[in-house]
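Here is the structure we will look at.
We call the chains A, B and C, going by the order they appear; numbering starts again at 1 in every chain.
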């Protein structure tokens, strides 16, 4: 069911003028990450190219989220390096990653529970807003003009993700599916170059998944945003992604187009082979 | 029936951002303002002004400050008393050293000074959270009070350790501190000053900086991911919060009591202000006022109530019973309505909007 | 070699060296600044007095740790529980009960109090954020302070359970005039040690102890495997109440039972920061360090600052400490999962 729906999306998507996959945006070189004695990632290398949708798959505990956390600057790998926009990154912190245009959603929704949908998305604009504390204290004038300008951008995103009706609702009261959508909206408000999605469709029903697929493809299409996502639903992964990276026990098994990965014997043995 | 927003459409984002977007609220607030400016000074006796309205406004300022830090930014502080003391002693030293400096400017400068101290004691907040931070702020509380108590440089070597507010004018001939100041002038000055700073606070919390505070409060990891620097967000909250609390301490010493010693700002003062924001509502500007009103009025009512029941009751017993009732109320509020009076008010308004047809 | 044992061994050797270095430092300071005074015998004496004072802090801190371990609640009211217990005990003694009988009755009162707190405060607040529970315990703190004094009055009371307070002089051969130690403090230290041993055994080896640790980890998970949360909370608050009673008796008979007890008990907070919130040995060591540290600082550094630095020294020590080791000496390192 999902597969058919999602493939329809892809069909449309491919009939449109085919997007150009560009140069390497981010490259991980021989990343090794350990917590105490436990190795979460071992010698992992892959690249994310501009304008593509890259899926990272693998069984539970394969190190997918850890990989995102490394890209994000939450974890610092013991070995290896991350090249981003052609330069090596050093001493990364999450807020610095955000400054460089890396946005992120979480496996368990990480919204600001005490704030409304609108405020959550407006918070995503923090880096774009420039007025100083005294202008904010006075509010009228420069600050208000800025607030209104950014509100317009945010309203476009709200419109894009079809969440107009819950604009003023505190996010704590929203159902799970909508919370995930608000989280995506907040990430989009950052106008990221690279968008990391950690299981954007976990715990959703078929229609919600279908919507989310559509949004992801649209974001990629309309804004040209590069997307790296983790997903368990193979149907979705094979349909929407341009390339797939397979992890297992912290090692990389395979890397390539969905068809290549599907044909890879290691992957079949370790992962898809389970059903044989 | 009267409280309806149906038919009031907003045609611009600016109108949607207004503090009171609903017309009935605008009318109500205008009425309140008229009442506060015209009716209160005309009707209230000097006693009421001195014991209720003036302390209410001073405490409201302190509660605003703590609410910015604890309610909006989620950093629990037990050092309010210490920061109030900073404001009081800073402004004393300033106005004695530079008598020609305008008193409002002195208050503001003292506020900025306290903000600096606040930032200093807020530094550990980068590494620690919650209870740990609460203990760290206790260090500020005890250290600051000790410092003002110990070094008589702060009191200009007064033998009693008490500072007395020298007479200062708001406008030529109109005194707001010292013995010449009359309660009505003090009240009106405070009303204007506190209202203005409350407006500033409201503007801050509905702008970018306020959203960064709330983001840190609600989920610091997610806040960092969208580019908020936790250190900067927390320290700015400490600075703004201490600014308000410092000014409230200055107002306490200069306008409310007129003379003060360091021990007036000991740990119980910190708890008192904390109670105000719990009861009033964490993360609410209105709540700071409601909580301050509640905590100022309650002891007076209790005191009079108990004296009415038993005129021979000892003051010690009254204060113990007061403690009990305060404690019980805090627990009651946390259980029944953790968002405080402000939330109750909001619920009442929502009900009123639908009344009399709730479906 | 076992790393824990190794660390322990290092500290056993390092501590006397550190103390000696501290002493030398003070000696140097005293040589430079004439307002300071230093003598080795006096230094040791102050140090011991401080350590014994620290045992008292540890006793209060122990109550905090128990409740924190079992419920994740930072019980701000522990200090007022100490005051309340001491007041109640004095009250019963004044009614003519022998102190042993009064102890038993007061222990009963503390258990009753624990049941009431569990029913009225904790149960309605299950699964609320910890910070809300913390503020609720500030409410309990106020309530108990008021309640105790309403019941029993606010005069300073004498609590005498017949422990000798005679000074003992030891090591006369080594130091001039020997070292002066209060025998009462020694008894208090002994009581503290016994209490800690009993609690450690209780936590480590009984079924209830195991359940306690489970509850501390996760309320909901504990509930789902059938651990009766309510009972566990009632038990742990009762135990904390009795620990408070013991601390109250010790403090009370040393310094008289009065309101300031509740505030002195706040000193247990920096102790916790030093020792870590979840560690019983941490509470003990932390107490000793804070007790000795503030006593020594007051005597040998205090004159530099005009005295009374005891008021804040413990907090500042804890604050500085926090910057370097946020989880405390023995606390578990928190790894945040994202």
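The definition used in the following text is that contacts are C-beta pairs under 8 Å (C-beta built on N, C-alpha and C of every residue); 3 or more make two chains touch, one makes a residue touch a chain.
By chain, with names taken from UniProt: A = ABC transporter ATP-binding protein; B, C = Branched-chain amino acid ABC transporter permease.
This is a predicted model, so every value here is computed, not measured.
Chain centre most remote from that of subunit A: C (centre = mean of CA atoms). In this view the innermost chain, defined by its CA centroid being closest to the centroid of all protein CA atoms, is B. Subunit B and subunit C have Cα centroids lying 34 Å from one another.
For the pair subunit A and subunit B, the distance between C-alpha centroids works out to 42 Å.
Averaged Cα coordinates give subunit A a centre that lies 49 Å from the centre of subunit C. Subunit C has residues 338 in contact with two or more other chains. Shown for subunit A are the residues in touch with two or more other chains, namely 74, 106. Multi-chain contact residues of subunit B (touching two or more other chains): 221. Listed in rising order, the residues of subunit A touching subunit B in the complex are 72, 74, 93-95, 97-99, 103-104, 106, 110-115, 119, 122-127, 129, 131, 133, 136-139, 143-144, 147-148, 151-152, 155, 186-187, 190. By the touch criterion given at the top, residues 12-14, 17, 200, 203-204, 206-209, 211-212, 214-215, 217-219, 221-230, 236, 240, 283 of subunit B touch subunit A in their complex. Subunit B contributes residues 74, 76, 124, 127-128, 130-132, 134-136, 138-139, 142-143, 145-146, 150-151, 221, 267, 271, 274, 278, 316-317, 320-331, 334-335, 338 to its touches with subunit C in the complex.
Residue ranges on subunit C touching subunit B, taken from their complex, read 74, 120-121, 124-125, 128, 130-132, 134-136, 138-147, 149-150, 154, 263, 266, 269-270, 272-273, 277, 305-309, 311-312, 315-316, 318-319, 322-323, 326, 336, 338.
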